[in-house]
Structures are given as C-alpha cells and as structure tokens.
Amino acid sequence: MLGECLDNVRGQVPLIHCITNYVTVNDVANVLLACGGSPIMADDAAEVAEITSLAAGLTINIGTLNERTIASMRIAGETSNKLGHATVLDPVGAGATKLRTKTATELVKRVRFDVIRGNISEVKTLASGSGSTKGVDAAAADAVGEGDVEATAAFAKALAGQTGAIIAVTGAIDFVADAERCFVIRNGRAEMGKITGTGCQLSAMTCAFVAANPDAKLEAAAAAVACMGLAGEIGWERMLPGDGNSTYRNRIIDAIFNMDAETLEKGARYDVL
Amino acid sequence: MLGECLDNVRGQVPLIHCITNYVTVNDVANVLLACGGSPIMADDAAEVAEITSLAAGLTINIGTLNERTIASMRIAGETSNKLGHATVLDPVGAGATKLRTKTATELVKRVRFDVIRGNISEVKTLASGSGSTKGVDAAAADAVGEGDVEATAAFAKALAGQTGAIIAVTGAIDFVADAERCFVIRNGRAEMGKITGTGCQLSAMTCAFVAANPDAKLEAAAAAVACMGLAGEIGWERMLPGDGNSTYRNRIIDAIFNMDAETLEKGARYDVL
Amino acid sequence: MLGECLDNVRGQVPLIHCITNYVTVNDVANVLLACGGSPIMADDAAEVAEITSLAAGLTINIGTLNERTIASMRIAGETSNKLGHATVLDPVGAGATKLRTKTATELVKRVRFDVIRGNISEVKTLASGSGSTKGVDAAAADAVGEGDVEATAAFAKALAGQTGAIIAVTGAIDFVADAERCFVIRNGRAEMGKITGTGCQLSAMTCAFVAANPDAKLEAAAAAVACMGLAGEIGWERMLPGDGNSTYRNRIIDAIFNMDAETLEKGARYDVL
C-alpha cells in the first residue's frame, strides 16, 4: 500500500509549489525530483496564485518567513483550497517566536491543510497556541520516547480531528494521524538530525505523495514519512569511513531517488493505532 | 575552438555578477568556480550598479523574482550594457505566470542581451509574448525531437536576428544560434533533468564563457552548452550503484572542474546549421 | 587547548542565530551541525530579537544584504550585545560597494563584535573606511605572503585594539588576533578558494566556538580557523581522481563532522606572535 503511493508519485509527476525557506530550498527541490515529483519555487504575491493553480500541490514552510512572503503564503493557501489541491504546512520554529506562532496559527485558521508536519514542539504550539520550541528543534522536555507513544498518538488524532488536517509529528518515532487512525513509524536514524533540512524535505515530499494519492491521503503521508526514514537507513549503510553529515545528505536523497515500491513496502516499519 | 573558449575562461577568471534565484544559487556559484570564473551574488538596487561595474559579466535569472529584485535586474542590465559587459538572461518560467512573462519580455526590450538561454517553452514565450510553460519545465507539446531540428534551428536564428541576442534553447538537443549560424549540440543525458538547476548553472557558465571570449561569442556560448552536456556524460560514468540525483549533481560540477580544452574539443558533438 | 575548544562546542551544542547570505546558507547550517553547534536562520525584523535571545551566538554576514535585512542585522546585533552573547561579523565584500562598506562600518560602530572575520581586503576596508575588494575575494594587491606576516599580525592586533574585537584575517595564511597576541595559522589548502562559502562557513563556526568558550575567546576563534583549515587538508586527502570542487565541499564538512580534539590539537600548525 505504501509502495503503491510511491508508484503513483512516479507515475503522475505532481508539480509542487513550494513557498519555503532559503536554507534548505535546494535540497527540497532535489528531493521532490528524487521521489518523482517536480518542484517550483515562487514566493511573490503577484504570481503565487498562478503558480499554485499550475501545480498539483502547495507546501508552505515558514522557516525564513518575512512580511512579504507571509502575504504570499496566505494567497497561495487560499488558492490551493479553492482548487482542491494538496496543501501542506511545515510550521518551522512555531513556538520559538511570536511571529512564527502567530503566522502558523493564522494559516491554520485561514487555510484547510491536508497535512501539517512538524516536530513535537511545533505541533504542540499549534495545538495550544504557545510553545517552547528551541530554535527549530524540538524542546528536550517535549521529546517523545517509547513510553509516550500512546499519548502522542492520541494527541495527534485529537488535533487531526480538531483541524481536519492529517497531523505528522516526526522525531525519533514518527506519528501520522487523522482523527481515527495513527501510523506510528519507526524508520530513520538519529544521525538525520545532524543534517539541516530533512524535515523541510519531508514536508515537500509529503505534499507530492498526497497530491498523487488523493483517495488515500493518510496512507500517502505515512508512505512519505516512512520513505524518508528508510532512505536515512539505506543512505547510512552506504557511508564510508571519513564520511559525515554532508555526504549523508547526498546519500539520503540518492536513496529516495533509487527507492522502489517493493523496497518501501518491505522496509517500512509501522503500527497503526 | 570550443576548447580554446574554456582556456580563456580559466586564463581570465571573469567575475560574474549573478542576480539569480535562491533555489540553485549555491550550485551556480560552484559551477562558476569550477569552470574558471568567479561568482558574485548581489541583488539590492542600492549596490547592483557598482557590482555590475566590478564584474566582467552579468547573469539575470528570474527564477524567484520579486518586485525588489526586478528593479535591481533592470538597473544591473542597463549598467552592464553601458559598460559593454557580457549580459545573459535566463527567463526561468516565462510563460508560466504573467509576472514572469512580463518581466522577461520587458527585460529583453530594455536590455541588450548577449545570450538568452532557456528551455523551448520559455524561449517561445519570449518570441510570441505568451506561452504554456509547465512550471519551470518545458511543456510536453513543445518538446524538440530529431524531426524538429531544422525548424527549431530556424526559429532560434530568426529570434536571434530579431533580438540581437544569441539564442540558446536547451533540452534533449541543444540549439545555440545567432542570426546566421546555429550550433546543434547533442551532448548531455536525460538524467540531468532530475537535478534542480542545471539550466541556471549553464546560464551563469555561459556568461563566463562569453565574457572571456568577446570576439567569439557564439562559439563561447556553444562551448559552455557543450561543456555542461559533456560534464553530464562524464559525471554519469562515475556514478556507482546506489548513487542518485544528489550525487549526480556533485559529479557534474566536479566534471566541469576537471574539464580541459582537449576533452571538451573531443567530446563536443555538434553540427552547425 | 584548541582541541578543548572543540570539545566544548560538542558538549554545549550552542544555538547560533545566522543572518547570512542565501548563497552559502545551507553549507553554513551543515557546518554548524558538523562542528557540534545548532543553526537557526532568521532575518525578519519582527522576530530577530527573539531569535537572538534564544541563541547562544549571532553571526551577521552581509553577503547578500538588502535594506530589509540590514535593519534586522542592527536589531539582532544590539540584542546580542545586551545579552552578552557571542557576536561575529563577516563583512563580505566590504570595499566592493558603498553599501557594503557603509553597512559593515556602521555595524562595527553600533555593535560590539567578539570576532570580525574577513579576507585581508575586507578587513583593511573596515580599518580605513574604504577599500578595493574585488567582488568577494581579496584584491591581488592585498595578498599576504610570508614576507608580510609580521606586518599583518601587527595590523590585526592594532585593529583588535581599536575595535575591541578579535580580528580574523583569513587567506593563504590566517591571522587571529586580539590586541596583544596573534595566532598565525598555516593550515588549509589553496583549493578551498574554489569552493563558494568556506569563509561564510568559518565565520559561523567561529561564532559557535566563541559561544562555547566564553573565557578563552581568542583561543576559540583560533581553534575554529585551524579546524576549518585542517578539515580542508583532511578532506583533500580523501579526494579521488575525477573529484572536483563540489565533492571537495562535502569532504570538508565531513572532515569537520569527524574532527576530534586530538586530531585538531595535533594537526593545527600555528605560531603566536
């Protein structure tokens, strides 16, 4: 099932409009190409509605937001909703500053997202309206361990019910939930946290998966999350002595490029709660 | 002859001012260094005239244009013309939105470009004033196959005659034309389309080649196009099992870094129509 | 001693707020992760004070400055000073345009920097108020050879005395000086100049080192400079036939990722004048 979601991306080559931060944007574009999608980045208010209209999906990532691009996010989000396109939010750093918390919460009010993907601190901030994100990483106090799985799955489901969005909380253990079911995914490696932008990449890839699988959005989002984690595992196996985080970044994108349905199907490790 | 163009870049180390998109800007800078040029990126209206004056060439790439940078593009383009510097336009996504089409066509009216490089849909948009670019990729209906070579060469020559610019239409087959001659170049690999930014990189590299070869601009532009395609072939030969588009990106820039005149001369495959 | 500085970075994981150019920002983020720090990029005036407050250090890099971000640099710099956080300036291209020279000199007047790191032309521009930087590289006339070591060390010490900042002048030979002592460091390779952004990376890494070593700032800055140079040497040893500047970029960041205190301690080559 997850493998089929990947095949649909490769078959349909969804064009994904990204309004995203300038830190990780190149990797985001290459990951979209690697998974079978096609990227287009555009953030000017004068053209985002047209770009969104051309695309099959929209990812909004607030990683380096500013007044100019926040306006564009709103326009693009509303256009995407009007057209029924796949729409994903990555609330980078929500909880770290008032601007990020406000922007993310207002976007959630104004735009109907298919998926909201963030770390646990960012997602908790969206749920409660305030938070304690440490920069762009989750706060230590929020860390999700094996003992927190049921509570976190319940939290994700509840927020999904409340927002209408699939909630993807990623970290050492990943949770992908709608109001009724939660995929608890155990792929990935801790070393992925030593690369900038794996979260941003995942959000854009999730948008491509959801765009190509409109009738199975939850499975599609779970497939994207498992695909990224599994790529982290496969990429790590190819690391040589002396390799570090920069090479690992390449290896992960390479692994997504080479991922096939069977590998994803067999390699994905998850429960559904 | 193409090899000599490369040697001139390495000998002169032309400084190339790039007003370019934030998606592929890092690769653009590294490609300029790889081919023997030197990059400088600057996009603020308050300084672009000075930066252009310091540089040997200017590349304008509208990939993530906005109101602020469009103003800078105009100023820089006019300054570059005044000083007789090499000036290149990459009309990324012209045809996809009104803003891009308008910006590109106005730039072509206002600035005398030595080279305009784009995919077939972007260049057709410039020729006709409207287009059907699918995001930043050429529309399928525009695809140039072997049966379209003569017509495309004639189209490129005609547009070159009309604009005064060398027209470089790149894709599966590449066309580099002035009003009288068209290089039809058959280097490169389809997999290059799975990397973001090979077009942006090529535009900036073309600017370096033209800046270093002012008396042979057509040959210089053709040399840059052949160099990129050949690097795509050489880079591909070095790919190992498990490598994907992220590693391929590195391999192509590496191949340009290691390109010498003899390799380029022998590896370039082209006809002149 | 230098090795201990690295261990302190890895032990404390300082969060470094970067207001930096969009050309090299991804490498800057990955280098911060590689050395043991944590990056956060944010440049909007509405949130930079909060981001700076969360962070342990601030790096201001003017590589692609504009009116909007210059305002943010001022706010962040003043906030960082108020909180006593590590504060670093990379005056990219100072001397190349009036905007850069003015911005850099005004920042130095307004903000108390712990370290100012640039090439010799940029630093001379700050010292004299005008300069002859060739784009973002040092002017040939400014090149520092073995015959200029004593004079350059004296210049760096004098400027350190005048500004209160540690002055790091990097190039073929690196100088890291406070008013009384100057580390003259001879690590690194000329080929590092063929990669975009090693200077930007070093500035951010220096900020992480200084933030984690508040009682030994000069040694910390010297450790960062030696670490980057040594990584350039280690990375080069891993280069294979056909590799070029793009792979070299990865290898250097990888070498920083794998650097340990003992390797740095043994590999650093320096005198103190």
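Each chain carries a letter (A, B and C) given by its place in the written order, and its residues are counted from 1.
Please note the rule applied: a residue touches a chain if its C-beta (ideal position, glycine included) is under 8 Å from a C-beta of that chain, and two chains touch if they have at least 3 such contacts.
Keep in mind that this is a model prediction, so the values were computed, not measured.
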Chain copies touching (chain A, chain C) - same or different residues, decided at half shared: different
Cα superposition angle of chain B on its copy chain C, in degrees to the nearest 5: 120
Where chain A and chain C are represented by their mean Cα positions, the distance between them in whole Å: 33
Chain B residues counted as touching two or more neighbouring chains: 22, 26-27, 249-250
Residues on chain A engaged by chain C in the complex (per definition of touch): 21-24, 26-27, 63-67, 93, 96-100, 134-137, 194-197, 242-247, 249-250
Residues of chain B defined as touching chain C within the complex: 15, 22, 25-27, 29-30, 33-34, 38-44, 46-47, 50-51, 54-55, 68, 234, 238, 249-258
